[in-house]
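Some structures are shown below for you to check.
Next come two complexes built around chain A: one with chain B, the other with chain C.
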Partner chain A sequence: MSTVALITARGLLGRRRALLLLPLPLLLIGLAAICRANNLSPDQWGQAVIVGLGFAVVLPVVALIVGTGVLGSEVDDGTLVHILTKPLPRRDIILAKFGVAVLVTAITTTLPLFAVGLLAGSAELGIALAVAAVAGSIAYSALFVLLSLLTRRPVLLGLVYILVWEGLLGRFLSGTRVLSIEQYVITIADKLSPTDILPSQVGITTAIVMSAVFAVVCTVIAINRLGSFSLAGETS
Partner chain B sequence: MSEAGVIHDIGYQRYEGQRLGRRAGLTALYVHGLRSSFGLGRSAKAKIFPWLVAGIMLLVAVILAAVRSQLGEVIFTYVQYDDQMAWLIIFFVAILAPQLMSRDIRSGTLPLYFSRPVRAADYVLAKFAAMVTAVWLLLGVPQFIMFLGAAFTTKTGARGVWNEFLDLAPGWGYSLLWAVLFSSIGLLIASLTGKQAFAAGGIVAVFLVTTPVVGVLSIIGSTTANSLAGLASPMTLIAGIGAWLSDGPVEMELPIGRFGPVYAIEAVCLIAACLLLLLARYRKVASL
Partner chain C sequence: MTTQTYPAETGAVTGVVDLANVTRWYGNVVAVNDISMSLGTGVTGLLGPNGAGKTTILHMMAGFLAPSRGTVTIDGKPTWRNPAVYRDLGLVTEREAVHGFLTAEQFVLACAKMQKLADPAGAARRALELVEMTDAAHRRIETFSKGMRQRTRVAAALVHEPRVLLLDEPFNGMDPRQRMHMMELLHSLGDRGHTILFSSHILEEVEQVAGLVQVIVAGRLAASGDFRKIRRLMTNRPHVFAVRSSDDRRLAVALIAEKSVAGIEIESTGLTVRASDYGSFTRALPRIALDQGIRLHKLVPSDESLESVFSYLLEA
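Up next is the complex of A and B:
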C-alpha cells in the first residue's frame, strides 16, 4: 500500500507540472498581502479573497488537478494495469491514492489559507480556514477520484460540477447549496471562527455530515468501480 | 540471374487530378474545426459536453423569450444575457480550445498538416476562425431566439420589429467581442499542452482566478485605480468595453469612469498578443 502511495506521489509531484500547483496559492497570499499593506479593513476584501478566490477557485481547482491526476493519468497512460495485476486488494489501491490526493491538496491549500486568515484577522481565523480547507480537500478529493473512474473525461465533468453546479446554480437556486461542498467548507470555517466575512448558508450539522457522506460514499463507490474496472480503450 | 539496375513497375500511379492549394486546406481545417466544435461527425460521447452547454443556453433564451412575450417583461437585455452566461462561456471555451488544439498535438497530426501547402499562419487562422464562429453561434442563436420572441409579439408592426433588431445588432456585436477575446486566450493556453484535461483546467483557472483580483483591485487605491481594476480580468474587460460603447445608463458594479478607451486598447492588444504568440508557437512543431 505504501508503495502505491509512493509511486502516486512521485507521479504527481516528480514532474515539471507539479509547479502548476504553485501560482494559485501564491496569488491568494499575494492578494491578501496587498490588501493588508493598504490598510484596508478585512470586511471589505475578506469575502472576495477568502470566498471568491480561496474557497470558490483555489480549493476546488487544486483538488480537481490533484484528484483526477492520481488515478486519471494512470488510466490515460494505461499504466494502471501494472498496479491492478499486483496481488493487492482494490480497496488498498483506492485508499492509497485517495490518501495522497487529500494530503497534497490539503498541504497546497491550507498553508495559503492559514496565511490569509492570519492577514485578515487572527490566528484563530487562520486555523478555522485551514481546518475547513482540510475538510474540503477530503470531500473534493473523494469526488474527483470517483469521477476519474466513472468517466474518461473526469476534468470536464469536474468542471461542470465546479462551474455550473457550485458556481452558476449555487447563486440562483438555494436548493443546490445542500449538495455543494463549497458551502460546507464556508460553513465550517464560519462556525469555527464567527466573523462577518464568511456567509454561511447551510447548517453546521448538515455541513459536517454531508462532507463525511461525500467522502465515504464516493470512496466506497470508487472501490466498487475499480473492482470491476474495464481496461478496454476508446477513442474520442 | 536477374539483370542489375532494372526498375520494376510495381503499379504506383501518379496523381493526375487538380491539386488544391492553401485556400482549400484552410477551408477544410475551418469546416472540420467548426463541425468538431459541436461534436458533429464524432462519437456520441463527444457531443455530450458541447450540447449540454448549448442546451442550457437555448433553454434560458426560450424562457426569456416566453416571459417577454407573455408578461412583456424584459429580464435580461441582449447584452446582459452575455454577461449572465459568462460561466457557461468559460466552460464552453474550456471544452472547445483543447479539442481544437491539444488533440492535434496529442495525436501527432501537426507534422502531417504542415507537410501540405498549409502554413502555420493558415492553421492558426483556421482554428481561430472556427472557434470564434462556434462561440459566436453559441451566443448569437439564443439571442436570435430572444429576438424572435420579441418580434412576433410587438404591438407596433414593422417599426417595432426594426427597433427590436436595432437592439439585437449591438448584442450580436457584443457576442462577437466575447468570442474573439475568449477564443484567442483559450487557444493560446490549449496550444501549450497536448493533454486536453490540463488545457481545460488551465483555461478555467486563468479565467476564474482573475475575477477576485478585480474584486480586490476595485477597492484599494484611488478612484483612478478603481476604474482601471476591470482590466485585470477578461470578463470585466469586455463588460467595460460594453459600458463604454453603449454609453447609456449602466448598472455595473464596476464604474469604468472615463477610461473606456483604455479598455478597448487593452482588449485589442490582448487579442493581438495572443494571436502573435500562437503564431510563434507554431513556427516549429515537434515531429513524431
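Up next is the complex of A and C:
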C-alpha cells in the first residue's frame, strides 16, 4: 500500500471515525432480520429494503461519506499540500485515494447487502447484491472523489445527485436513468440473480459500460484537476 | 511607482528561482502586479504588510498558483503543473494544517517516503534533529504547541534537503527561543548554499535573518536588494508625532524654533509634529516643555505602522 493510501486510510478510519459508517449497514441488516423473524415473504419487504434502503440510500451515502472524506477533508483543512509538495504524479495520488474509497465503501456495503440477500432468498442473491455493490462502489467513489475537487461543497452536491437526480428525477423521467449509478447497480444485481425484487430499468450493457465510463471519466478529470490544484492567496 | 534596487553585497549569485514580469489577478483584484525578481543562494526576506501579495508570490513560486501573466521558474523549469520541481523545493505554508493523527516521526518519514529517498528513516531522523524535535518525535502532532507544529512542518519540508525552501511567515507562533533557533537554522541553510525565501511583515525578523530583501507593497516590488541600505532609507524618513499638552499653541511656537522640527500642524485634538531627526526631537521636546512650564499629556509616534514605512519607501 502506498504512503498516500496509508495516510488516507488512517485519516478516514482513525479515531473511531469508522464507527460513523456503521449505522446505515446495521439498519439494513436489522430491518431484513426483523422482516425475516416475522416470517414475512421477501416479496413483501425485499424491494423496499434492498432497493429502497440498500441501493438507494446505504450504498450511495456510504460512498459519499467515504469518497468526499478521502480527498475533500484534506482539501478543506489544507493538509493536502503536504502530499502535493512531493514529486508524485498526480495520477498516483488520485488512484491511491480512489482505491481507498472503493475498498472502504465496498467492504462497508457488500457485507450487509450479502447478508440481506441471504435473508431475502439465497446465497446467489447475496452474491449478486454484493457484486453489484462493488460495481456501484467503484462508480460512486470516482464521482464523489471528483466532486471533492470540483466544488467546496462536495457533500451537498453529492446529496443533490443521490436525492434529486437518482431519487426524484430517476423515478419520473426515464431519460435520467441512463446517468443513474443506482440503476446500473440494480440491473447488474438483477442480471446475476434474476428476481422480481429488483426492478431493473436499463440494459445490462448500458449498466456495465456506463459504470466503467463513470469510473474512468471521473478519475481522468480528477487527475487533471489535481494537477491544477491552487492555493488561495491572501487577497483572494 | 519606482523600485529601489541595490546591488547585493552578500548571497545571490545566479538565479535559482526566477519571476519574470509576473502578474496575478483574482477577478478584478490585482494581487501581484508585474513583478520580476531573481533569487540566488542565501536567505532572502520577502517583506511587506499584510495583504501585499507575499503569499500569492510564494504560492506561484511553489507551483500552487498559475501566474495570470509572466513566468515563474526554478532552475529554468516552470513550477506550475510540474510536480518534478518538488525534488528540489520545500514549502512551509502559513496555514499550519498537519495530519495531526500522525506522530512527528511518522509524518516526516511519510514525507521522506513520498520523496522516494533511498534511506527515508535516516533522512527523517536527520530532519527532526535539525529542528530539535527528536524528544517529541513519538508524540502525535495534534498534541503539539504551535511552535512545535511549525518545526515539524519545517522538518518535513527539509527532509529531502531541497535546494530551494519557501516559508510563509515561519516565525508566527514561535516563542523567542524557538524563533532564535529557526533563525539560526535558516542562516546555516543559507550558508550551505540553499536558496531560502521567507515572508514576513515584521522588519526586525527580516533584519535578523536576511541579508537580502524583496519589499512588496500593494502587489508591487517596492524595493529589492541589500537589507541594510533599504533599512537606512526607511530610518531616515521624517517622523510624525501626535502631541497634546496643557498649552498646545505655546508649545508649537517653542517647537518651531527647534532644528529637528520640520513642521507643525495645530488641530483641535492637539499638535501633529513632523520631525526630521527622531533622536534630536525626542530629546528636545521634554526640555522645551520644561523650560516653558508646559505639561505634556500625550506623545505618540503616529507613523510607526509598517504600512506608513512602506508608503514612504514607495514615495522615495
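Structural remarks
The rule is simple: the second predicted complex is superposed on the first by the 231 of 236 C-alpha atoms of A that agree within 3 Å, B and C clash if a C-alpha of one lies under 4 Å from a C-alpha of the other, contacts with A are read in each partner's own complex, and residues count from 1 in each chain.
One rule holds for everything that comes next: a residue touches a chain if its C-beta (ideal position, glycine included) is under 8 Å from a C-beta of that chain, and two chains touch if they have at least 3 such contacts.
Owing to the predicted nature of the structure, the values given are computational and were not obtained by experimental measurement.
Between chain B and chain C, it is B that contacts the larger number of residues in chain A. Contacts of A:Pro89 after superposition on the shared chain: chain C is touched, whereas chain B is not. In the superposition on chain A, A:Gly227 makes contact with chain C only, while chain B stays out of contact range.
Once chain A of one complex is fitted onto chain A of the other, the partner contacts of A:Val4 are limited to chain C, with no touch recorded for chain B.
Residue contacts after overlaying the shared chain place A:Gly72 against chain B, while chain C stays out of touching range. Looking at the shared chain after the overlay, A:Val81 reaches chain C, while chain B stays out of its contact range.
Overlap of the chain B and chain C interfaces on chain A comprises residues 234, 236.
The residues of chain C lying in touch with chain A in their complex are 24, 26, 29, 31, 50-51, 53-56, 59, 62, 64-66, 81, 83-87, 89-91, 93, 95, 97-99, 101-102, 107, 110-111, 113-116, 156-157, 219.
Here chain A touches chain C in the complex through residues 3-4, 6-7, 10-11, 14-15, 77-79, 81-90, 227-231, 233-236, going by the rule given at the top.
Looking at the complex, you find that chain B touches chain A at residues 42-43, 45-46, 49, 52, 56, 87-88, 90-91, 94-95, 195-198, 200-202, 204-205, 208-209, 211-213, 215-216, 219-221. Against chain B, the residues of chain A that register as touching in their complex are 17, 20, 24, 27, 31, 34-35, 38, 40, 44-45, 48-49, 52-53, 56-58, 61, 64-65, 68, 72, 76, 152-156, 159-160, 162-164, 167-168, 234, 236.
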